[in-house]
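Please read the structure below before turning to the comments.
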Amino acid sequence: MSRPRILVINPNSNTTVTKGLEDALKPLNFADGPEIACTTLAEGPYGIESQADVDSVAMPLRRLIESDNSASAFVIACYSDPGLHVCREGTDRPVFGIAECGVLTAMTRAETFGVIAIAQRSIRRHIRYLRQMGLMDRLAGERPLNMSVAETASGEGTLAKMIEVGRALKEEDGAGAIVMGCAGMARLRRGLEDALQIPVIDPTQAATAMALGTVQLSRN
Amino acid sequence: MSRPRILVINPNSNTTVTKGLEDALKPLNFADGPEIACTTLAEGPYGIESQADVDSVAMPLRRLIESDNSASAFVIACYSDPGLHVCREGTDRPVFGIAECGVLTAMTRAETFGVIAIAQRSIRRHIRYLRQMGLMDRLAGERPLNMSVAETASGEGTLAKMIEVGRALKEEDGAGAIVMGCAGMARLRRGLEDALQIPVIDPTQAATAMALGTVQLSRN
Amino acid sequence: MSRPRILVINPNSNTTVTKGLEDALKPLNFADGPEIACTTLAEGPYGIESQADVDSVAMPLRRLIESDNSASAFVIACYSDPGLHVCREGTDRPVFGIAECGVLTAMTRAETFGVIAIAQRSIRRHIRYLRQMGLMDRLAGERPLNMSVAETASGEGTLAKMIEVGRALKEEDGAGAIVMGCAGMARLRRGLEDALQIPVIDPTQAATAMALGTVQLSRN
Amino acid sequence: MSRPRILVINPNSNTTVTKGLEDALKPLNFADGPEIACTTLAEGPYGIESQADVDSVAMPLRRLIESDNSASAFVIACYSDPGLHVCREGTDRPVFGIAECGVLTAMTRAETFGVIAIAQRSIRRHIRYLRQMGLMDRLAGERPLNMSVAETASGEGTLAKMIEVGRALKEEDGAGAIVMGCAGMARLRRGLEDALQIPVIDPTQAATAMALGTVQLSRN
Amino acid sequence: MSRPRILVINPNSNTTVTKGLEDALKPLNFADGPEIACTTLAEGPYGIESQADVDSVAMPLRRLIESDNSASAFVIACYSDPGLHVCREGTDRPVFGIAECGVLTAMTRAETFGVIAIAQRSIRRHIRYLRQMGLMDRLAGERPLNMSVAETASGEGTLAKMIEVGRALKEEDGAGAIVMGCAGMARLRRGLEDALQIPVIDPTQAATAMALGTVQLSRN
Amino acid sequence: MSRPRILVINPNSNTTVTKGLEDALKPLNFADGPEIACTTLAEGPYGIESQADVDSVAMPLRRLIESDNSASAFVIACYSDPGLHVCREGTDRPVFGIAECGVLTAMTRAETFGVIAIAQRSIRRHIRYLRQMGLMDRLAGERPLNMSVAETASGEGTLAKMIEVGRALKEEDGAGAIVMGCAGMARLRRGLEDALQIPVIDPTQAATAMALGTVQLSRN
C-alpha cells in the first residue's frame, strides 16, 4: 500500500522558498508516515507581499488543488493563508493554512502569542484575519521586521533583527510564544527560540504537523 | 541515538482506558519518530467526572511529570485538561491538554465546532474552560450523551447515541466539525464521521499529533 | 464643473441585475450631486453564489477600478463584498462594500439586525465576515430563503418567502432591523418593511448613500 | 410635492455652533433631495461637556422631536448622542446620532479608527458608549485635545493641535481613520485629512448623509 | 458618633414600592452598622417602564443626591439604573445601581445568569446595558413576565408566573442563577429560589449589601 | 437563635495573615449580623505564590468546607481563588472567591479597574482567570509590585511602592479603581486610596461584604 501524500504548496514562484520548505519539513517525512511533498505555484508572484498578491493566487491555488488527485491533504504555505476558504470549498480533503495553524499551535504553548511580520503593511491584514478567526483575545502584539524580503533571505542580520523584535514582543507586549509570520524562516526558528527562551513556532512546520496527524489518523 | 518519547498520561486509574489510548495512538508511533508511550496515573480516580475528580489529579500529575526524566513532551489525556497549568509550571518540556488541542484542531477544519460531552454536568466546566481559552466565538454548541461511563464503554448503543447528538450539533446548532469530549472514544471516531459527513476530532489523537510535531521539530 | 461620479459595480455578468441596481439607485442620483453610474463586470460569473465565485472576481474588480479614471468612489454591489480589500489597496479613492454598509446602516436603526440570505451555504461565509468586521455582538440571526436565484428573480413568491423569513428573524431571533443579504432585491424593500414593521435595509442603497455622502463632502 | 425635511438638532444653545452645522451640511442640501434644516435646542446648555449636560437635554430633545410634525428624520448633533434612545422611542421616524454614525462611517474607510476628543473627561463616556454599541474591537484609541471649547473655536491653533493628536492616533495607536469627536469642527476636516493622509470623518456630516439616504430611499 | 446612612432611592413616585424596599432591606439595617434609609423621588413617574421614564428621572436623581448632605452612599432602586452615571459625576460618595449590582452578585453564584423582566419592551434596554457593562458573556437569557405592573403587584399569580419564566431560563437557557429584573419583587425571592433550586438575586438587596460593605469599610 | 457564621479561610498556613484578615473584617462583624470567623488552612503552604501552591490547596479547601457543619457561607481568602469551583461543587452553601468579588466590586465604582499584583509571575494566571470570568473588557491593566512577600509584609516601603504602581495604573493605563491583588494588604487600603484619589478595593473585605449580604438576606 502506497504512502498517502501531503502536498505543501508554496504560493509564490520563488523555488528557493520551496526548497527551504522541503528542508524545514524533512523531520516530518517519516518512512512509515505520509509523504510530505512540496510544490511551487507556477502562476504565483515572486513573493507575496500585498493584498493583490494574496488575492491573485486564490483561484490558481483552487485549480491546483482540484487538479491534484494524489494528495490526501494540502498545506498552503504563505502566512496570509491565501485562498484558504475557496480551496476548502473545492475539495473534501483537508486544507491547512499556515497562519491559522501557526497561531493555534502557539496557543498550546502560552497564554498569549506575538507575531513577527516581515513588513508593517502586512500587519493590518494579519490582524483582520485574527479577528476573522476569533482569536484576538490571545494576541499580545504583532511587530514588523521592516526588512525587504531580499534582506531577510540573506542571513545573519535577519536573525539578529528577529531577536530584537521578538524580545520586544516578549518583554514589552508580554508574548509567551512567538509565531514567525512568514513561510520562509524555519531555519531561524531554533536560534530565535534559544535567544528568547520562549517557544517559537514556524507556521509551515506547525501546519504540516497538523496535516500529518489528520492524514495519518484518518487512515486508521 | 534513541527516539524521544511522548508520554500520554491517562489521569484516571482505569487501565482499559489507557489500553484504548494506546490503540488509538498507534498510527502516530512512527518507527523513525518519537515513541508514543501511554501510562496510567495510579493515584487517579476510576473515572474523571466531577470537578473534585479534576482537581484531585492536578498535583499527582505534576509530580508524575516532575519525576519523569525520559519524556520530551507530555499529553494529559482527559477532556477537562486537569492540572494543565500546574504541569506547565513544573517543566520546560511542552505539556498538551487534549481539550485544548481537540478544539484548536477542530478550528482548522470548520468555522464552528460542536462538542459531545458524556454528561450534562460537565458542560458548564467545559464552557468555562472555552471562555478561559478565549475560544467561545467559534463554539456552535455542546450537548451531552447523558449515558453513564459504563454505558458509553459498552459499544454500539454509544455510537448510535453519538450520531444522534452529533446530528443535533450539526443540524440544529450549525456545527461544522465535532469534538468528542472524552478521552476514551477514539474507536468511534470514524463511524461518527462517516455518519455525520463532517470532520470528527478525537482529542487525544489531536493532542498527540501536535505533541509529535513539536517534539520532532525541536530536534532539528 | 462636471459632476463627480460614483461607480457601482455589479460583479456578476447578469445585466438584468445591473439594470435593477440602476432603478434602485435612481433616488440618489441628484441633479446637483454626484452621478450614480452602474456597470457590469464583464468577467464576472452569471451569479455569485460560491466562494469560488467570490474569489474569482476579486482581481477583475481590482483591474476595473485601477483602469477607471473618472469615478470618485466605487461601490461593489454583491453581498459578499468580493475583492473589497484588494480594491482598497489599489486606489486612494473610497471603495464601499454593500454587506459592510448594509450592516452598519442597520445598526443605526436598531439594537440588533437580522440578515436574509438567498442560500444556506452563504451563511457561514457571511458570519465569518461579520466576525472579521467585529460586528457579531449585534447580530440577531441570519436565515436563508432557500430559493434558487432564478426563483428569487421571478417575483411575488419571493416577497412572501422574504416576509416569512423576516418574521422569523424578528419574532424568534429578536431582530430589530433586517438587512437584505443580496444585491438584487431592492424592489422588495418597501413591501418587506411594510409587512414586518421594522426597518429593512437594501445594502446597495445603503452603500451608495454612504458613498454619496463621502464624495459630496470631500468636494467641500 | 414638497421636499421632505431632515432636522439636525444642535442640543446646545450656542447658535454659532448651529450656524457652523448649516455651513458644514450645505453640500448635502440637494435641490431635488430632502431639505437639511438645522435648529438649536433652546433649553440646551451653552456647551455639552459633562454627563449632566448630556442627560439634561435628553427629555427636551424628546419633546422637540415629538412636537415636530414636519421632519422625516432627525440628527442629534452632539458627539455624546444625548437622548438617542429616548428620542427613538418617541417617534417612528428615524433618529441618527452623530457619534454612532461617525464611528460606523469610519469603519467603512479603515480597519481601525481613532477619536479626537475635546477633553480628557469625555473619553470614559465615549468608551462606555463604544462598548454599548459593541464596537470596541475596531477602536485604535481616543486622545484628547485638552483645549477649552473657547480655544477650539478660535481657529488655527486648533487645527495644529488636532494634527498633533491625530498623528499620535495614526502613528502610535495605529488608527486608519479619524473621527472628530465633536459637532463643531467640520471646517477643519479637510485640513486635518490633508495633513494626516488618512480619512477624517466629521460625524455630523456622516450622520446627515446616512439620514439623507434613509429619507430619500424611503420615498421610493 | 452617629451611624452613617445609605440612602436607597425609589425613582418612581409609588410609595408602596418604597415601603416594599424598606421591608426588603430591614435585614441589612444592623444596629451597629449604617442606617438604611429609603426615600421616594417625588418627581418620578408612578412606575418606570419606558425609556422616557428612565431618562426623565436622571436629572431629578442627580439633584436629590447633590442636595443630600447626610448620606454616605446612594442606591438607585430601579432595574434600569436611571441616572447612574450622572449621579456618580455629581458626588464623590459611591452610587450603586441595582441592575449592575444584581448582575454582578449573580455572577458570584453561577457561571451564567438569567433575568426575569416585567415587560418584553424592557429587554432590549437591559441587553444594551449589559453590553455597555461588558457582561454579555455570562448572560444565559432574559425573558419577560408579560404582566402589567398592577398584576405583578397583586400576589400569588406573580410568583407562579415567575416560577414558570425562571424555569425556562434555567432549563432551556441554562441559567445557573436568576436576577429579578425589577425593584419591587423582593418578597417573592425566597419562594422563587425554593421552586427553582438555584440562587435568586433581588437586585435592591444585592446593591444595598454592596453599599453596606463599602460604607462600613471606608470608616475603618 | 444563634448568629449564622461566615467562615473566611486563609488558604496559606501563615497565621499572621489570618490575624490580619480578622482585623480587616472586624467592621463587618455586626452584633446582630452573621459572625465573621477566620481560619487558617493547616495544610496550606506558607504563602501562595505559584500555580502549584494554588492547585495544592484546592482539595484541602474542599475537605475543610465539606467537614464544616456550622458555616452558612465561605470566603476563600487568596487572590487566585484556589479551589473555588471544586468547593462550590461540594456544598450548597455559597462560596465566595476574593479575586472574583474584588473585581466585581471594583466594577461598581469605575468604568475600568487596575490590579496590583505582588509578583510578575502571577499576572498571567490572573489574566487567564479574568478571561475565564468574561471580564477582560473592563480591565485597564495589571502591574506587579515586584517585592517579596516578606518585603510587602514589612510596612511603609510597601505603601510607597503600591502608590507608585497604583499611580501608573491610574495615569498610564487609565484605571478608575484599583483592586489590591493579594489577601494580606487591607491595612494599606485607606492610605492607597487617599494617595490615588480613586476607589481602592481590598478583595477580602469585598468578598466578605458580599457574603454578609447573601447570608443575612437568605435568613429573611
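Things worth noting here:
Note that the chains take the letters A, B, C, D, E and F in the order they are written out, and that residue 1 is the start of every chain.
The criterion applied here is as follows: a contact is a pair of C-beta atoms (placed from the backbone, for glycine too) under 8 Å apart; a residue touches a chain by one contact, two chains touch by 3 or more.
Here the structure is a predicted model, which is why all the values come from computation and not from measurement.
With steps allowed only between chains in touch, the distance from chain A over to chain E comes to 2. Between the contact lists of chain C and chain F, the overlap consists of A, B, D, E.
With angles rounded to a multiple of 5, the C-alpha fit of chain A against chain D returns 120 degrees of rotation. Where the sister copies chain E and chain F meet, the same residue numbers recur on both sides for over half of the interface positions.
Separating the centre of chain B from that of chain F, both taken as means of CA atoms, is a distance of 34 Å. The centroid of the Cα atoms in chain C and the matching centroid in chain D are 25 Å apart. With centres defined as mean CA coordinates, chain C is found 43 Å away from chain B. Taken residue by residue, chain E touches two or more other chains at 128, 131, 133-134, 137, whereas all remaining positions touch fewer. If you draw each protein chain as a dot and join the dots that touch, the picture is not a line, a loop, a star, or fully joined; it has some other shape.
All chain pairs in contact, by the document's touch criterion: A-B, A-C, A-D, A-F, B-C, B-E, B-F, C-D, C-E, D-E, D-F, E-F. On the chain E side of its complex with chain B, the touching residues are 111, 137, 176. Chain B meets chain A in the complex at residues 26-28, 30-33, 94, 96-97, 100-101, 104-105, 107-109, 133-135, 137-138, 189-190, 199, 202, 205-206, 208-210, 212-214, 216-220.
Per the touch definition, chain F reaches chain B in the complex via residues 50-52, 54-56, 58-59, 62, 83, 85-86, 88-90, 125, 128-129, 131-134. Of all the residues in chain C, the ones that touch chain B in their complex are 124, 127-128, 131, 136.
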